[in-house]
Every structure is written in C-alpha cells, then in structure tokens.
Amino acid sequence: MQAPRTHHAPLTAARSASLLGDFMSGTFSKSMARNVFYGGTAFFVLLFLALTFDTQGALPKRDNRDKLTPAVAAGKKIWEVNNCIGCHTLLGEGAYFAPELGNVYKRRGPDFIKAWIQNQPTKVPGRRQMPQFNLTDKQLDDLVQFLKYTSEIDTNNWPPNIEG
Amino acid sequence: MQYKSQAVAKPYFIAAIGLFVGQILFGLIMGLQYVIGDFLFPAIPFNIARMVHTNLLIVWLLFGFMGAAYYMIPEESETELHSPGLALALFWIFLIAGALTIVGYLLLPYARLAELTGNDILATMGREFLEQPLITKVGIVIVALGFLYNVSLTVLKGRKTSISLILMLGLWGLAVFFLFSFYNPENLVKDKFYWWWVVHLWVEGVWELILGALLAFVLIKVTGVDREVIEKWLYVIITLTLITGIVGTGHHYFWIGTPGYWQWWGSIFSALEPIPFFAMTIFAFNMVNRRRRDHPNRAATLWALGTGVMSFLGAGVWGFLHTLAPVNYYTHGTQITAAHGHMAFYGAYVMVVLTIISYAMPVLRGRAANSNRAQVVEMWSFWLMTISMVFITLFLTAAGILQVWLQRFSSTPQPFMVVQEQISMFYWMREVTGVIFLLGLAIYVASFFMKGEAAASVSTTSGRGEIGTQTA
Amino acid sequence: MRTTLSELAPLPAPPASVAAGPTHPPGDLAVWFFILAELLVFAVFFAAYAFARAHDVALFNAMQEQLDRPGGALNTVLLITASWCVARAVQAVCEQNHAALGARWLAGGIACGGGFLIVKCIEYADKFAAGINLSTNTFWMFYLSLTFFHFMHVILGMVILAVLWAQTRRGIYTPGHANGLESGAAYWHMVDLVWIVLFPLVYVMR
Amino acid sequence: MSADKSFALLLAATAATFLIGETGAAGGGALAGLLILMFAKGRLVVLDFMGLRAVRGYWRLLLPGWLLLVALLIAIAFRAAQSN
C-alpha cells in the first residue's frame, strides 16, 4: 500500500504524521523481519567468534602466562574462596567498596600486603572493615604471587595512575 | 486464565517478589556500610551482603522469567503445559536450593562453604555474580534443563508464535551461556574474558530477547493491537539488539589484558546499543497510542511503558555515558559503573518482570484486573520505586564523577579510601533514597492485599475478538 | 504472512497524490532497517578510521604504501560489476518477466562476488605472510577490521544471492511479486556501496 | 538513467580514483576529487542499482545523505590531520 504525499500541505501534526506514513509505507513482512533476525544474528555471532579466535592467538603476548606458576594458581584460588571480589575490584571488575587490587603489588609491595591482611580487621569505629581470613604464611605468599602476576598483565596502561 | 496449567506461574511470581524484598533489604545494609563502615561487622561483612544482594536479584529475576514462561507459553501455544507437576516440583527444588545457598552465605565463612560444596573438585566460586557453590550451579543447570524440557515440549505440541519462539531462544541462550560459569581457567585474562560470556551475553544478549518477548506479550494483551504488527517490530528490535550487543561485548575487553583493538570494536558497537532500547521505547508508546481497547489493568500498561523508558535511560543512556574507551579509561570500576548497573537492571529486567506480574497476577487470581484502589496503590509504588531509582542513579553518578576526578583524573591522585570519605555525602543521599525505594516496594506488596470491586473493562472498539486470542 | 502497511502512522493516509511514483524503496522494509543499521555501523567505523589517522598521519601514510592498490581497484570493478548484474537480474524478472535470464544475471553477480573474495584472499595471504595482524599497529588494525568486516558482508551477500538464484530459477518471482528478490538485491548493493567508500578511504586518500 | 549507463560511469570513476592513487597525489585538491568521485559513485549505486531514483520522499534522500555525512566526516578528519 502506498501512502501518497500531499504537496503544499502546511506543516501540521497531520502532515508530519503522513510523512511518517510515507516512511513506513511499502511492504514490511514478518517473515522477512524474521529472516533478517536469524541471518543478522548468525552473522554477528560468527564475527564475534572470529574476533575471539584472534584474541586467543594474541593473548600469550599480553596475559603474562609465562609467570603463571603453581603458586599463582593457588593464589588465585585463595582470592576466589575468600570472595575478595565482593569488596575489591581486580582490573576494575568487582565491587567498588574497597581499593583496586590489580596494581596493589606495585602500589604497596609484598610485605605491606601480607602485613595488612594479617592485621585485619582494624576495628577503627565507623571505618570500613575487612574480615580476618586466617591465612597461613604459604597462602599469603601464594596470594601475593597472584597479585604480582596480575599486576604484570598488559592492560593497555590501565589504571590511569598508581592509586587504581 | 485460559489454561489451568498457567496457574503454576503463581508460586513463581510470589517467590520472585519475596526474594526481591530480601534483595532490597541487603541493598540497604550495604548502602549503610558504605557510610558506617563497621555496621553489622563482623556478622555480615560487606562482601557477603553484596553477594546476597546480587545473587537474590539474579535468582528472583530467574523466578520471574520462569513464571512468565509458564504463564505465557500455554496461552501462546494454545495448549496445556506439558507437565504442571514437573513445574511445581522444580519450583520447590529451586526455592529450597536457593534458600540453602543464601543461608550458607550468611552462616558459614565463604571459604568453608567452598570447601564443603566441592569447590576443590571444580573451582567455580568467588567470581562476581557467579559466587554460587558448585552444587548450586549444577542445581541451576538441572532446574533449567527440566524447565526448558517442559516449556519446549509445550511449544512443540502447540501453536508456534514468534513471541514464544523468541522467548524460547532467550531462555535456551540463558541456559547455554550459563555453562561458561563452569569454565574458570587459572589464566586470569581468559577467566575474565569468558566470564563476560555469561554476564554480558546474558544481560545485553539473550535476556533482552526474553525482555522483548515479555513486553510484546503484555502489549498485545493490553492494547489489542494486531499480533502481526507487534511481532514484526519485535523482530526488528531484537535484531538491532543483537547486532550491537554481541560485538558490544568488546566494551568489557578494554583493560583486562585483551588486545587493544577491542577498544575500537567495543566502542563502535556498544555506542550503538542505545538504539534498540530507544526503538523499544518508541515501540511501546506507539502500540499503546494505537490501542484498540482500554484494558482495565492500567497498572500493567504503566509498567510496560515504564520498562521502555527506564531501560532506555538505564541501559541505553547511562551505558553510553561510559562505554567509549577514552571515557571508560577513567570511569572503569567506579561508582559510575554502579550507577549504570542499578538503573539498567531496574529499568530493563526488574520492571519487565513486574510488568508481567502486574498483568498476570490478577488473571491468576481470577479477574481481568485488580480493583481501582489496588491499582492506584500499585501505581504509587511504581512512581515511588522508579523515581527513587532515578535518584539513586543520579547520586551514584555524582559520587562517581567526583571519584573519577579526585582519584583518576587529578594530577595529584588521592588514595581510594581518602576519596571515599570525601564523597560520603552522596552515599548518605543514596541510602535515604534507598529507604524510599523500600517504602515503594512495601506499598507494592501491599497492593496485592487491597480489596475492592474489580475494575470494569472499557472497550474502545467493538467487534474485536477476545483480546489475546486474535491472530492477524 | 505478509501485510502491507502504513500502520505506524497514527492517522489515515492523506488524500490524492500530486506526483506519481512510490514513496518506498523496492524490497522489504525489514531489510531496509537492517541496511540502515549496517550503514550506521560502517559510518562510525569510517569516521573512527579517519580520526584515528589524524592522530598518526605519518604511520597511516607509510603503511598505506604497502597496500595492493591495483588489487583494491580490481575488487571495486568486480563489486560494481556484480551489483550491475544483480540490478539487471531484477530488471529481467520485474520488467521483462524473464526468470531464466534473471537467474543468469544473478549467476554473473555471484561469480563476480567470488572473484572479489579470491582477490581479497590473495591480499590477506600476502599481509599475513608479512606477519601483519590486528595487533600490529593502529593502521593495520583498521585495515584488517574494516576489510574483514566487509569481507564477511560479501560472503553473507553471496549466500543471499545463491538463495535468490535458486528461487529465481524455480520461477518464484514474477513482476509485482518479487519482494524477496528486491530485498536481497538491495542488501547486495549495500555491500557494494560500502566498498565504494572503503576503497578510496583506506587505499587511496592520503 | 539506466543501470547500464550508470555501470559505465562507475567503471570510469573507479579508473579515475585509481589513477589519482597512482599519481600519489595528496592534500586538499586530491581529497576533494576523491570525495566527489566517491559521492558520485555511491549516488549512482543508490539511485540506479538500488532503484531509489523513482522513489519520492525520505528514502530517496536517506542514502545519499549517508554518503554526504560520511564524506563530510572524512573531510573534517583529513583537514584536522593536515593542520596537525
């Protein structure tokens, strides 16, 4: 169906409505909309997979996997089972209640990190509190190794400064 | 209610609302901990409260989606649900498993919970939003499979509409992408890369198919506009969603160790993500303006329109604000992210579930719509919750801007905790607004207990068939 | 099921036209929305290239020297020819009611599209052999991203043309009933249109 | 204009674009020439291949408008590059 357009019509609501009608006239079928949906979706899924494939190939130069020792893996697990992400961010992801820890190794160094964890909670009234996780020395060392490894990942220079 | 098996949706909706209340209570606890750091410490440390807050959100939305599917699929397929018994059994399994998980979070140290639930067999815990113990994750998969089996068979034996196909695609996608939560490599970059396949491809991918299907279903019902028209536009909108959203995943790959080209790909595609949300808003208003009847359930119409507007604002506008890589360099992982997250989740997913509940619950309780009084109360709750959420978002945005300025952008950047103290006023304002949100939620719950005569149906056009049974 | 529409217009169509001719493009609006969305993505991508170049003109000019300009020009010719073939195919079906002829023109279009892919693959092989990839530098990131994104469009377009070819041969399209053919053709022309911008922008302008 | 005539013009314009590239010309004049050629070519594809020549209203303007927008953005960016 064609909605013919009148000329010389004053620019009223009716006219603008008819212009919209012009824009929307013509065939518009659900079956074609469906085909476009399936085709378009498949297309962009494939594109995303292609980029993922390239990323997988590019990661070895960036993700610091050479330094991924058993200690780092153990440290990652300690990070996880104590739900550190529930307060902190790591490379900017997590909760926003406590400082970024992706670069904490560079900001504070290993000894400070260990001492800090051991001395929690501070029990300063009104101040945000970090629980005492009762980690062993070995666990603390593993966690520090994990944070060191994380701080050496190529993050395109994020965060903007040492404060994270 | 056209099919008696639709009744299984009711417990799902009730559970969803109950868990929603729990989510908000924990949100308020966290909000207070932002300004009174030792509040409830060590009984409920922040990380536990946050885990409860976000996990309850996910679980109650899943309850809402499943309830919606159990309600919609029989009506769309024009047949009874394959197995109402299975649906009810899965409801109790999911509810009890969910409740036990939350109790586990609250009563046990998280590391102990991990130890007891087989995290040493396959480590999947301790990642944002995917904190559930392994057995809970397996349970979710089993419940999802049972649910999908149930509704898929129903669709297969009955009428296949575009809405039910899109809903099924969304639900299957939800289940499939959840499987990536079991992949947790030691390599942190790969861990994060595929973590987003759950999180982003859920909320900016397959969940939007579910959202579109729910919204389209309710719009057909309350406006009486031809199914053909609504389904056609639904296809166009979800096409735009996936065109932009799938590669838009790249906006999470700027700073986590992934290659630099994602800054371009992610920025370009995610910059266009507001378009489908905008289209959805236009779509919702257009359909309501062109309605062929005035459905007596005005509250449901309000929720449907609200979903369009708020998802555009929260997901579209607030997402765009910080999606471009040069901006995100400074805002990544700040209160800006929190602001966006709050309004996007509320505007898109909370509101669409409340839309379908608002439409379906009266029907499940044997009436086309609630009494005028109950609807007025419900609409009050709509405005209270929605406006509070807008202000929560604005206060968090203000906090975020200040945080970025002091901690990231400044030539003399200040430490995180120093900055947090300087922006605490905004956290207080957020907390007060949060209390108003809770008030709105209380009024919402109260609206279900309002008595009064059911609102009369006013039809603007005569001669149309029963709304919802017509096909173009 | 297909419906015609001016259904988003809240008011009925205005009376009597003055000028003749349709107000809508040939093909289905669903495809045209898709075309507009794709063109928007490409426009943003082109602008990103141009502005990224402004930040590092020397790099872009130096790297551009390494591009296979004759290959790019040949590919332009191939795509233009393919587009012309498809336009003739639509003419054959819609104006001459000659489906067999239309199918032959479509086959010509597919052949030219295939030629484009071959030339492009030779170019890619050359670049990959030189160790160039998406992470080499900003210029190569854009070159590979833009051309590969387009490359995938050519493949999708050829899949569509193949379907159209099969349908046309079976005589499914007739004058006035060629919505699918016109829609697919419009999509193919869009692929051509994008290359018409891409070739001078990436291969020639400096 | 027929599709055949447009096709011939498109081939000629492509040759012109290629030849400008071969001379290695840079700067405002070359850029303007290339952009004009690009717009002319794109317009022919839109009007005669896509079949929008006979169409009235928005749709006929939309795609040439897209070409114009892209050309404009390129021109601005390349000018900015020159002044750097």
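First chain written, first letter: the chains are A, B, C and D, and each begins at residue 1.
The definition used in the following text is that a residue touches a chain if its C-beta (ideal position, glycine included) is under 8 Å from a C-beta of that chain, and two chains touch if they have at least 3 such contacts.
This one's a predicted model, so the numbers in the text were calculated from it and none came from an experiment.
K.L.:
Would you mind naming the chains that touch chain B and likewise touch chain C?
P.N.:
A
K.L.:
Report the chain whose mean Cα position is at the greatest distance from that of chain D.
P.N.:
When every chain centre is compared against chain D, the largest gap points to B.
K.L.:
Could you work out how far the Cα centre of chain A sits from that of chain C, in whole Å?
P.N.:
Whole-Å distance between the two chain centres: 34.
K.L.:
Report the inter-chain centroid distance for chain A and chain B in whole angstrom, where each centroid is the mean of the CA atoms.
P.N.:
The mean C-alpha positions of chain A and chain B differ by 18 Å.
K.L.:
Between chain A and chain D, what's the gap in Å when you average each chain's C-alpha atoms?
P.N.:
40
K.L.:
Mind checking the centre-to-centre distance between chain B and chain D? Centres are C-alpha means, answer in whole Å.
P.N.:
Chain B and chain D have C-alpha centres separated by 46 Å.
K.L.:
Quick check: what residues of chain C touch more than one other chain, meaning two or more?
P.N.:
If we look for residues of chain C contacting two or more partner chains, we find 1, 3, 5, 7-8, 10, 19, 22-25, 30, 33-34, 134-135.
K.L.:
Two-or-more-chain contact residues of chain B, please, as numbers and ranges.
P.N.:
Residues 228, 232, 235-236, 239, 243, 259-260, 265.
K.L.:
Name the residues of chain D that each touch 2 or more other chains.
P.N.:
Residues 56-59 of chain D touch two or more partner chains.
K.L.:
Would you pull the chain A residues touching chain B in the complex into a rising list?
P.N.:
These residues of chain A touch chain B: 28-30, 33-34, 36-37, 40-41, 44-45, 47-48, 51, 54-55, 58-59, 62-65, 68, 72-73, 76-77, 79-87, 89-100, 121, 123-131, 133, 149-150, 153-156, 158-164.
K.L.:
Which stretch or stretches of chain C touch chain A in the complex?
P.N.:
Within the complex, chain C contacts chain A at residues 1-11, 13-19, 22-25, 27-31, 33-34, 133-135, 148-149, 152, 156, 160, 179-180, 183.
K.L.:
Any idea which chain B residues touch chain C in the complex?
P.N.:
Against chain C, the touching part of chain B is residues 228-229, 232, 235-236, 239-240, 243, 259-261, 264-265, 267-269, 271-272, 275, 286, 289-290, 472.
K.L.:
So in the complex, the part of chain D that touches chain C is made up of which residues?
P.N.:
Spelled out, the residues of chain D in touch with chain C are 3-4, 6-7, 10-11, 14-15, 17-18, 20-22, 24, 26, 30-31, 34-35, 37-38, 41-42, 45-46, 48-52, 54-59, 62-63, 66-67, 69-70, 73-74, 76-78, 80-81, 84.
K.L.:
Going by the contact rule at the top, pick out the chain C residues touching chain B in the complex.
P.N.:
1, 3, 5, 7-8, 10, 30, 33-34, 37-38, 40-41, 44-45, 48, 52, 134-135, 141-142, 145
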